[in-house]
Every structure is written in C-alpha cells, then in structure tokens.
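Each of the two complexes below includes subunit A, the first together with subunit B, the second together with subunit C.
And now, the complex of A and B:
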C-alpha cells in the first residue's frame, strides 16, 4: 500500500477560506512594536526589578544582618526574580498560559516572516535556533573578553592591573558565563535548528516552550551580568560554601542566574527529548536516527535529570542568604559538603552536556568529508548513552581533596576511569571513519580534526586526574584548568564551529568565504594550543588557580599563554568578518546541498521554508551510505530527488514496517 | 542598500560594541586613588599615616569597616593604595579607632617583618599581643609577600567610638608605630587578616574582599 504524502491534508496558515473579508485586527495587534518583543521585555525586567527591590527593602530592612552589612540580599534576590518575571511578561511568554487560565482562546496567527520575529517569541524552531546562536555568541564574547582581562592581569607576578577582589570576580564571572554558555552552545542553536529537520518533523514538540527556554536563557545571562553592580562574587564558577554564604551581593546574581538558566535547560531538554521520541518521520526507526540526534538525545537525559539538582542547590543557597536557613552553614547544623555534592551531581554531567553534542557533530560531519559510512554506528550511539549514564556516578572525584571519606575515593576513581571506555568508543568510531579515507579538508572537517586532537589531550590528562595520587598533587592548580579548557574549548567549541561552518549554507542560504574560514581555523587552532598547553606546565610547577599573584619563575610561561590568548581572541575576528561579509556585505547564494550530504536536512530547499517539509518524508535508510554505488535512497520526500530520494509514493508500509497510515504526523502545523 | 551603506552600518554597530566593552573595562578598572609618598630627597625615610574606622559612615557602604590614608598634604583619603620609593625605610603610624576581639589564629598576634620585629603601642614597644586579654586585636596590617605583620590592638568597645570617617584624635584610639624597608619596584598586596566584615558570615565578606576598605596595594617605584 502506498503512502499518501501529499500536502493537501494540511491547512497552512494563510490558506484558510478567504471568502468573507475578515475584520482588520486592532492597531495594537497590527504593529509588531506594540506586541510583546525584546524592548517590552527590557522594560518589564526593569520594572520588575524595581518592584522586587522595593519589596525586599520593606520586608527585610529590620534584619540585623542587613543593618550591619549594608547589603540587603532579600531586596537583591526579589529584585532579580521579579525582574526575570517582568522580562518574561514583556516578551510575551506569559500571554498564552494566562489567556488559557482566564478562559480565553488565543487566536492563532501565522508566523511573521519579517526580521521582527528574531526579537520576540516565535514558534518557528529555525528562528529560535538563530536566536540561540546570537545568544550563545554573546555569551562567548562576554566570557572571552573577561578571559583577556584575566590573562592581562597574569602578564606579571607583581605588577597588577586589578585588585585581588576584582581579579577573582573576573575569574568567577568568566567561568560562570562560559559554563552556562557551553551548556547551550550546541543544543541551543544547532539542536533547535536541526533536530526537527533531521528527523523529518515540521516542528518541535512544544514550540512555545522552545521559545520560552531561549528567552529565559537570555534573562539568566543578564542576571549573571548584574553581579557587576553588586560587587561581584569571589567563589569561581563553582560557588562553594561557606564562601558563598558570606559573599557580596553579586553572589545573589550567581545563584538566581544559575536557577533561571537551569529552568531553561530543563525545559529545553524535555522539549528536545519529546520531539526526538515522538516526532520522527515514518520509517525513522532508532537505527536510522542521525548520530547527531543521538548525541542530542543523550544530552537531554542529562539536562532533565541533572539540572534540577542545580536549581534546588541554588535555592538552598538563596534561602541561606536571605531567610537565614543553614543548609550550608556547618555551625548551625548544615553542611558545606551538601553544596559540593549537589553542585557536582549536576556539574559533572554538565561536562558531558557539553561534550556529547560535540561528538555528535563530529561524527555527523566526518562521513560527509571522508565519503565513507560512519564506522560502527551502533557503537557510537551506545557510547553516547554509556557516557550519559556513567556521568551520574563520578561526581565525587571533585571532592577527593575536600575531606570526603577516604574509603570512597577508590570507588569514584574507578567510575571516573570507567567513563573513558564509552568515551573511547566515540573516539574509535571517528578514527574508524577516517581509516583509509580520502579526506576533503574543508573547514568543517578541519575543525573536526582539531577537536579530536584537542580532546585527546584533554581526555588523557583527565584519566590522570581521575587517579587519586595525581589528583591530590595537582588539585586546584592550572593543570586542572588547562585540562578542562582542552576538553570544553578544545572539544566543544571546535565542534561548535565545525557545525556552524558545515550547516551555515543551509541555515543562512549564503556561502562563506573559504579563505577567511581557513584562516579562522588555523589561527584558532595554533593559538588555542599556544595558550593552554603552557598552562599544564605552569600547573605542574605549582601555580594555583584563582590567585592573581604567582611565583616569578613562572612569568615566561604565563606570558606565552597571555600573548597567545590575545591572538586567540583576535582569531575570532576572522569568523565575525566572514559572517558579516557573507551574509550582509557581499552575499552569495548557497546551493541546496554544497557538501553532497545525505542528511535529511540537506534535502530541503534553501532557504528552508518555515514549514520545513512540503511533504512529511518517509525515511528509508540511515544517511551514512557514502561511497556505496548501489546505496538505497535515504528518504521518499514525495518528489524525485536528485541523488538520494525515491519516487513519490513508491514505498509501502510493508517496506517500512511502520504500520502507520498517512504521513505519520497527524497534528496540524502549529499556529 | 549600497555596499557603502552596509559598511557604514557595520562600522557603527562595531563601534557601539567596542564602546560598550570599553565602558565595562573602565568600570572594572575603577580602583581607589593612589596616595603618593615618593620622597623628593632620595634615600630619606618616608612617613605614612593610616587610620582604621569601625564604620565609614558615608558613601555606598556606610556600615563597612575601612582603612584610610593621610596624604602628605595632611588630608585623609578613602583609599588603601599608596606609593613609596624602593629600598627606603617606611615609617608607618596607624591610628586605630576600632574595637577588638580575640584572634582566631594567635600567630597573627605576633609582629614580624618590621625593624627589630617590634612595633610600638601608644609609645610602648611590643613583639606580640595576647588577643585573649584586654581589648583584643581589631585588625592587622599585613604584607604577605614581605613577611610584614603587625597586630593593631583594639579600643575598649564600651567607649564612645568614632562612627564616621575620618576620625579625629579626640575619639578613643590607639597609636601603633613601626618601620620596614620597601623592596624593589612592584605592587605588593597588603590587607587586614582579622575577619572584620560585620554582618557577613565568618566576617570575610564585604569590606574584607573589597579594595579600598580592608586591603590594598603598596606600590613601590624606582
């Protein structure tokens, strides 16, 4: 029985019966600027903050702690919390649920196609992907600027640019901004943009939640930046108690900011998981799901299961600082170990929230540029799920030096070393794909290879760090700092750029300048290693993290690192100039499939229409049969495809084994 | 839109971004003023006078404890950064207007790094203070990289203490004097090691971690 994949079943917005002229909507609904948008969000945020701050002063001005310290944490926390609520109200995130609660049926409207849609809530997953891209790059450049300031301070052991308090705040703000950015660096822009296209869906499972998760993510960014106005915070990104409990008002920004971004991460995780599980096109069984989607799915498990711990831990910290509870205060019956355990129960899976999508990108891209099938696809999927599972059992290796029961050390050393096995699976899959391949060294592939090189160094040093004796020796030193920069920046950020360069033609419809792309890669790769490799040596020689003074014999290595860091920062200009040049100044249209990829997302027109697929595709095979002369088609798109498709309606349910009638997506497009 | 227009828009947007970044950096670089004690006659000893006050009494943190520095012109300046010449004897006088308490670490009751490893309290020499007796220790003046540490004996807490800076000598206070040699050029951090951030758990927050209150820099120049 053939499947009807015609478009007629769907009622696209704007194609409704137009026999009766509709009454024009009121002015406030016609003007995009009078509807909820980012300007209203800013206004709502400011008003919310002022109300919350006033309320906090009314509530807590009589507290002894407030009188003595000159710092009212209640006012700051309430101000920031209501500020976030005001931001969300201004952007329109509360309009739909409030209307439903009050008994109104919100009237649907077709998605706007003007540029205004990028500054408001939207239900188009591609627009949300764009918004995330801008948001993530904003995070990245903010954190990068702070990194430049840190390296400037470390140019000399005795001549200081900043005071010790400002320095530790810069380190803390840099770490917090970067880690929060990194949780969404791939999942946000590429996950939201690509997952529906890769699985043959027209939408995310919960489009309003998708948009909500982005806008609350940006609110969290502003909250974390607000620490500048409250004296900063001295704890590093880890926020350890008891320092957390006694810190300046900037600590409130950290705790509220983490909570707010955590909520966004949880919602984004649920949404992506629901989309991948429920919205796959007919025929896309688990053996045909693109490996990048497997990576996102494994990540969603971490986002949804680990992040709630962070949110709760932050809430406890807020209560300690405002309501004078004692969750983390030893003298009053609490325990500062509680924070460490709760934080790292989130914090270590978070490392894999960053790493897994990166590996997903690399394994997705490599077959395209090697023209070989992905080596050991099932092992790759199993490896990612294995890493996700094991990541919940390793958190106490961060506490080796904190005074945990020594008998617990061998267990967590073992579990930490065990995780290198599924990680090794992923590495071997990439190496197997490279084996005897004729590699095309285009920019995305170069970034993939760079990621493998860096992650190998970061991974091997991680194995050493998991051993208690080494950990005890180099704990809290620049060795640890260099290790995680190799895994996160050398791994995730390289993979993120690989993804950006690979999917850029599809996402923007424009072609990037090849020379500028390669200049970006080579300067980025060389200066990344020149910046961070000396820090392994500095760490072994005993330089501690987060301290702005160091021994004078370490100056040469620090100066090499600092000067390289300036060039590393400058290398981003190649990327920015390239993007601005290619999109805005001198645009060249990109072909539909410039890399000759078999991925489903590449079989759509460029630019991709807002409804993604004219016909819901019927998936026939996995997208990795490169270099096979008699390779079966990947999907039936309802039209004859140039290279990979099959004639419309030529596939039966018996072929697919789905038993599903229709196109598999019984829901109408989201309005 | 022509290429010139596009370039213009790009340059304007870039300029706005750079300006925003510079504003951020300038905001961060906002450090307390530097009081210059560089002597006009090389080799001559330099006299530095500081005071400690229990609550500053004005500004953005009126309840915070703070150090102040008296400039060579005789004005009290709210800062903790001062500049001295290299390899010179620095004579320090501290007017201590704050009350004290027992030290958590008795080691900090010892005078180190000064001439003769001694200091004077209201004219009487001492090498160590028993902080569990009398009025305890209010603050310390410590330069870790030079090994300098001087405990500042507290004032009787029941006295009518000075509540707003700058304090005058009519308020109850102790006078602590000591001398040390400045090293070669560089910035040397100094700070109080007594957790005195009142209202902050364990006393280490607020003024204890903010430049211009309980910590600063000794800037040594050639």
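And now, the complex of A and C:
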C-alpha cells in the first residue's frame, strides 16, 4: 500500500474509520448569527469598500478624478479590492490562517448539520457542491436575463429600446457573467460534489481552500455586477486594450473581478487536482478512474496553468488605468497586441475549461442508459488530455485578421484543425457506446443526445472559422457568435443539465418529476436551435457582433431568433418549477440507485451522510461493467465482510487487493 | 462501429466488419442484421444527393460573393469545407437516428454486447484516428494554400506582408478608423482624405489600415477584406476587384458605444470613372489636404483622439462642436 487514505496525520473529522458516525462532542458554540456567515461577509464587503474608496480618494484625489468621467479609478480599484478582503474576513476565510500565524491551534469541529451550513464556510464537499450549484444557476439566470434584453434590442434594425451605451454594457455584462462566472464555475458543483465520492474519498484535499474558492467566486460575482453602479464598461467580455484604458469606472469592476474570479479558479483547480491524484481509494488505479474524473483532471491543468495569465493581464490593465503605466499604450512603448495575446492565451483554454467537464459528464452518463461499457475508455481519457494540451497552442486563431504575427497563421490554422482530432474522440466514444445498445430515454440521456447534436454543429462550424480565407468573412460576425453558443450552451450547458438530472436524486434525495423534466428538455432543445441556428445565417450575411443597428433585410432572421430566445428563457421555468415542486411541494424520496448505475457514488446511501463512506472502499473494478450477466461489484464497501460474519474492520481491506475478481490486472491496487 | 468518418469511412469498413460476427460475439444469432451496410448505404445515398445539390445550387450564392478575387477565394473555401463537412455531419446524424430507432429499450432491442469489442475495437479506433487526421491535415494544407497563393486571402497581414499579389500595378488606399467613422486617403492622388471609398475595377488594391484611437476592424463585406485597425500600426490587406457595384463597410471590432453605427458604403467603378472621381475630389479637397498631416502609414493620436483619454458619458459622435477624447491639459502645459 503506497498510500493509505484511511489514516492521516491531520485529524479531520470523519477521517478515522468510523463504524457509526460518532456523535459530535458537546461543545459550547456561539449562536449561528454571531459566527462568520454570509451576512457578516456582506457587512465586511461594504465596510471594506468604503475604507478602500476613502483611501483611494486620499492618495489620488485630483489626479485621476479630473478626467472627464469624473470617477477616481484608484478609489474604485482600492474599494473593490478591500471590499473583497472584507467579504472574505466576514465569511471567516481568514480565521484559520490568521490563527495559525499567531500560533493558536484552531480546534476542528464536526460539520454543522442545520440549514445554516449553506451560508457559511464549510468543510463538507457536498455542501460546497450544492452552494456552487446554486451559485452557477444564479450566474446563468443573471446572464440569461441580460441575453433577453439583448435580443429585445435586436428585434428591430433601427428602433431602439436601449441607448447604444446601455446596449453595449448589456452585451459586455452578459458575456462576462456567462463566460467568467456561469461556465468557469461549472467544474464547481459537479466537480466538488462528485469527485470525492467517485474516487472513494471522504473529503477534498484542501477542504478550506474548497470553500474559499466558492466564496471568492461569489465576491467576484458581486464585483462584476458592481459595474452597474460605475456606468458599465463598453468592451465586451474581451476587454480589448485601448478601449479598456479609455473606458470609465465599470472597467475597474471588470478587471478586479477577473482577478478575483481567476484566484478562485486557480485554487479550485489545484484542489481538484490534488484530490484526484492523492485521495483515490485503494484499488482506484488510473485505469479505473471514472471518465468524468479524467475530464475534471484535464480541466484542472487548464485552470491552474492558463488562469494566472488572466490575473496578470488584468493587473497590467489596472496599473495602466490607475498608475499610468503603459503596458497596453502603443504611443508609450506598450502594445495593444499584448492584451490580445495574454487574454486569448487564457481565453482559449478557458473555452475548454467549459467543454471538458461537459465531455466527461456525457461519457459518464451514456453507459448507464445504454447498459453497455464505455467504448474506448483509454481513447476517451487520452482525448481529453490531448484537448487540454493542444488548447494552449491555438490562441492566435482569434487574431487572424488583427495583423499580429500574420506569418504564423498557417501554424495556428494547423493547430486549430488538429484539436478537432481529440475533440472528435467524444463522438468515437459515445457513438461506439450506442452500438447495439439498449437505450433508455430518461431525461439525462435525452440531454446527452441533445448535447451530441448541438456540439457537432458547433464543432463543424469551428472548422470553417479555423480556415483563414473563410475566417475573413465570418470572424467577428454573428456566425462566430452562433458557433460558440452552440459549443458552450448547446454543449456544456446541455451536459450540465444532463448531469444535474442524473445526479439530482443522489444529491438531494428527492425524485424529480418525470413529465416536467421532459418538457424542460424538449422546449430547451427546440428553442435553443431555433434561437441560434438563424444566427449562423445572419453572420454570413454580414452582421457584425455587438451592434445595435443592422441591415433591414436581416430583420426576419433576427426576429425568429429573438422570439425563440424568449421561449428558450421561458423553458427554464419548467426546470425551476420542477426543482421547487420535487424538493418542497411534493417530495418523493429517491431510492439509493434509481438509474441502476455501477458508479461508486451510487453505492452510498441516499442522502449521502456527511462522512460519505462508512469505510473507505476498496475499488475492485471500473464502473462500466454493464451488460455482463454477473457484473462484478465496483468496490468493496466493507459490507461484504459484515455479511459473512466478520466484524467490520477486523480484516484489512488490503487483503482483498485487486485481481481477486479476475479483471486480469496483476498490478498492485494503487498505481 | 460505423461510418462516423464518412469521407474515408468506406475504406475503414472492411477492417471493422471483415467478420461480421466478430464485432458482436455475444449477440444472439437472430440479430445478424447488417447494420453496417444499411448505415453506409443511407449515408452514401444522402451524401451523394445533398453534396452536389449544395455545391451547384447554393454554392455560387454563398457570401461574400465574387466581387474581388479574395471574396471569390473565400466563397470557394467555404463551399469546399461545406462539401467535406456535410457528409461528416450526416454520418453522425444518421447513426444517431438509426441508434435511437433501432436500439431503444422499449422495443425489446437486442441484448447489449458485453464482449471484448464493446470496450474498444482496435480497427475502429485506429481507423477513426487515421481518417480524422487525414481530413484535418488536408484541411490545414488546403487552407494554407488558399491563404498564401492569392496573397493573404484578404485578411490583415501586418505591416510587412510576406504574401503579396503578383500584380504590377497596385493602388494604395489608406483606411483610417477612429471613433466612430471611417475615412480614406489616396496617397497616389495627393493624399486627400475623404469618407467615400471608391475603387477602380480590375485593379489590385492595397488597403493600409490604421487607427487613431482604439482597435477597429475594417470589414469590406462584399470585397472579402477584413483587417483590424490598430493605433500606431499599419495593417495591410490586398484584394483585386473584378465586378462593378457597391459594397458595405462595417466596423467589426467593438470600439465603444457607437460601434454599431460605424458603417458606410463604398463603390467599385470603372477605371475611367475612378480617375475622374479621384482627380475631381483631389481638386475639391485641396484646401483640406494642405491642413492634413503629411501622408504616413500611422499617425500619432493627438489630444482630440480618444486614446488614453476618457470620452464624456454623453458623447455624441455626430456633434459638430463637442470635442471628445481627453480633456485638454489644464494649464502648466
């Protein structure tokens, strides 16, 4: 045994092999209101902002404030930064590190079980996962409402609902909230909730960092939204440089927000990577790791390696705007190309930060509903790692017409085309899994098939964009806009909902209403395609992105898209009603394993106890032995021994080892 | 596994189905349907019908048209990519529909295969990887040829382009973007600056695109030309006109609040009309031309440009009196 996860130097509650959950020792506690919670965080954020704003006005009054926008960028940046620090202090994120620094040994306490735990720092990965889920849905609905406003403006080519400034701000805020918040955080809910359960661990590697990454994400959300109070920003989510330097106070929210969110992404990535690498249960070798975990592992490489570039780029932007440096100012020795390079060096891997968890979810769910093993498991894992690797070498395809490194265009055309090979493995694996299957069309499966349909369109149109001569026409038009909505919304968001419907019974212990689920899928799928397919045509017919006026002959197509978009937005009511109905109004307890899945996470009782596993499981097989007459159990959960009369724990699980079940793997249980 | 890779799929099929029974050893004898051959037949028929239909009926009308050689090149590339992509998409869709219809649990369906091939099939995996690689390498090679051969394919080629057209006579036109309008200078006609873009037919035009403030993108839609306008940077794009008519110019890079209103219309006219227009305009604007900075590939933004400054919240780009951009420095100078 190289690593025994059941014993650890650090006594984390639940770390020891408890037969029955030990009752928490009676300790004196402060009232929940007085402990750090989200209310204190809000108070801390407000106080921090006011202090920072005052400080900024003291040190820089009359310096930036004289600019015609009338806003003091130094005050805004300092206010937002100290506001985030105050938020983190209020939520209690600084308590533990400060106590350690000052020499106190904080006493660990078992996780709270009341509803209060959802509004606090917590060390239970399932609570953090659920917090992330609510967070991501909040971001998604915020961005979705902004999208409705954008489509409203585009109903008519000339009549305007919003002024041009408001319109550009809505577009920018929609893009920023969707790209940076809703979809970057998507590794959060399922990643934090599922990864420990899937690899047979009771915890994440760094539980405090896990909770920290969620709460700093929420701070980032508020910072991005604070742009509303500073007059918005006109740059879109890409924030191209001279315009960024020129823009008014909302731009500070964007730059500080990117730094804050970037920090959360880096920490979440390190935490997930450390967990996957070090906290796998005995027997969970790399050949048995569920494919979803492979997807998350590939994503963590991007989160940890690409995101720092964004944080640094944002810092340069802040310095340009406050300290009058010239990183992005051409006349003073900087370059507007620098921002474009740094931004897209992060921005393209970012696209796969969204796509890879989606691939993982779809490939994880498919075998359950086809009752077949996953086809070409190794190709699937290699494909996702290959996508992660190649995604660092394609960023300049966003800049084909910009005049930056024009001689490199053939190279970036080649790398961009090449990335479609590992991406195509998704189809090899899923279509192979469908071959002569026994398909059950439950809602998660419908979402998976919908994802394949949409993502194929998104992927194939990507090939058009990568071809430089065609790119001359479609770059920066609604064609590219439709393309990435097909890959991100049609791909990732569909996969996310597939995962949500699939794991909902395990997460909440309740069964969702079948009819409402299917209504949600069909309305979502149909109106998604009706909304975005016309935009491909609008794009090649010559409509640039982010404009509020367009040629009048494009009105019909735009109106089809806008009206479908309203129905698309309305389809989410099925989802919301369904969740509220199934959890609160008409709850039906879910069985432990409603889909009859072999996955390790389904072998736990529902609802999952806070210590996850009664005994650390010994993994015996990969979870894809579907369709076999006597499918071997995926793991020994300690119950087998109890069943034959041996007291639990009296025989080391190591005795079982691997190879016992005859899977022909002579290697030791842990690689 | 089936025809997921149509263009070379037919070559791969024998590898997978050389022994039809081998692919599904555990399957009952009743399920010896030739799924492979059915799928391939449907796919070949549909592709053979739809591909030529697209190429010959829709192909000639695909934007950006044939107004310049660059536009025509982009149209040709689009059509070639479409003809390759359509069978790929059809292959996956046909397979998905076939699977949904044939292998649904409610029909009873065959028992799922549990043999070794359900976990992977070397021939199919290798065939898939090889065929996608071949397609992808072909597309990259084709795209590179189409980029290099006509001289940059109409895209922005930076300040020192290495792929240039072979034509001997090239008309240089400078495109200047600023918040929020396009103006054009004709250096070979005295360097006058106008907001009308008029080009002669049958002529290779060299667009020198630059900006006075933020990043814009010069998109002459029907000409198949797109080049970012960067401040202090000359971005060159080429196109050879081959049809008379008017075309739209739009800004294609978000450049501030009036980005959506930054467009105008240009004309391709005969050579005689062009030289008449150019001489007349040069004469009409001669006083303005004397006040302009001398023709250069880039211009340093002045205080009235918006670069580095802040525009007022109520800036009106069409105002005759308001100066937008950085506030003039207040004394001390």
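Here is the rule we use: the second predicted complex is superposed on the first by the 598 of 671 C-alpha atoms of A that agree within 3 Å, B and C clash if a C-alpha of one lies under 4 Å from a C-alpha of the other, contacts with A are read in each partner's own complex, and residues count from 1 in each chain.
As a convention for this text, contacts are C-beta pairs under 8 Å (C-beta built on N, C-alpha and C of every residue); 3 or more make two chains touch, one makes a residue touch a chain.
On a predicted model such as this, the values are computed, not experimentally measured, just so you know.
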Contacts of A:379 with subunit B and subunit C, given as first, second, both or neither: second
Touched partner set for A:117, first subunit B, second subunit C, both or neither: neither
Larger contact residue set on subunit A - subunit B or subunit C: C
Partner chain(s) touched by A:580 [first = subunit B, second = subunit C, both, neither]: first
Subunit B versus subunit C as contact partner of A:483, first or second or both or neither: neither
Partner chain(s) touched by A:228 [first = subunit B, second = subunit C, both, neither]: first
Touched partner set for A:159, first subunit B, second subunit C, both or neither: first
Which superposed partner A:125 touches (first subunit B, second subunit C, both, neither): neither
Touching partner for A:475 - first (subunit B), second (subunit C), both, neither: second
Which of subunit B and subunit C A:628 touches, first, second, both or neither: second
Set of subunit A residues, in rising order, touched by both subunit B and subunit C: 66-69, 163-165, 168, 231, 234, 242-243, 245-248, 329, 549
Residue numbers on subunit B that touch subunit A, as the complex places them: 3, 6-7, 10, 21, 24-25, 27-29, 31, 61-64, 145, 186-189, 197-206, 209-211, 215-217
Touching residues (chain side subunit C, partner subunit A) in the complex: 1-2, 4, 24, 27, 31, 35, 62-64, 70, 73-74, 77-78, 81, 85, 88-89, 92-93, 95-96, 99-100, 103-105, 109-114, 118-121, 124-125, 128-129, 132-133, 136-137, 139-140, 142-144, 146-148, 152-159, 161-162, 209, 213-215, 217, 219, 221, 224-228, 230-233, 235-236, 248, 250-261, 300-301, 306-313, 326-327, 330
Interface residues, subunit A side, partner subunit B - complex: 64-71, 145, 149, 158-166, 168, 170, 228, 231, 234, 242-243, 245-248, 329, 549, 580, 584-586
Complex interface listing, subunit A residues touching subunit C: 66-69, 163-165, 167-168, 231, 234-236, 238, 240-243, 245-248, 329-331, 336-337, 370-379, 400-407, 409-410, 413-414, 417-418, 420-421, 424-425, 427-428, 431-432, 434-441, 449, 452-453, 456-457, 460, 463-464, 466-473, 475-477, 540-542, 544-551, 624, 626-629
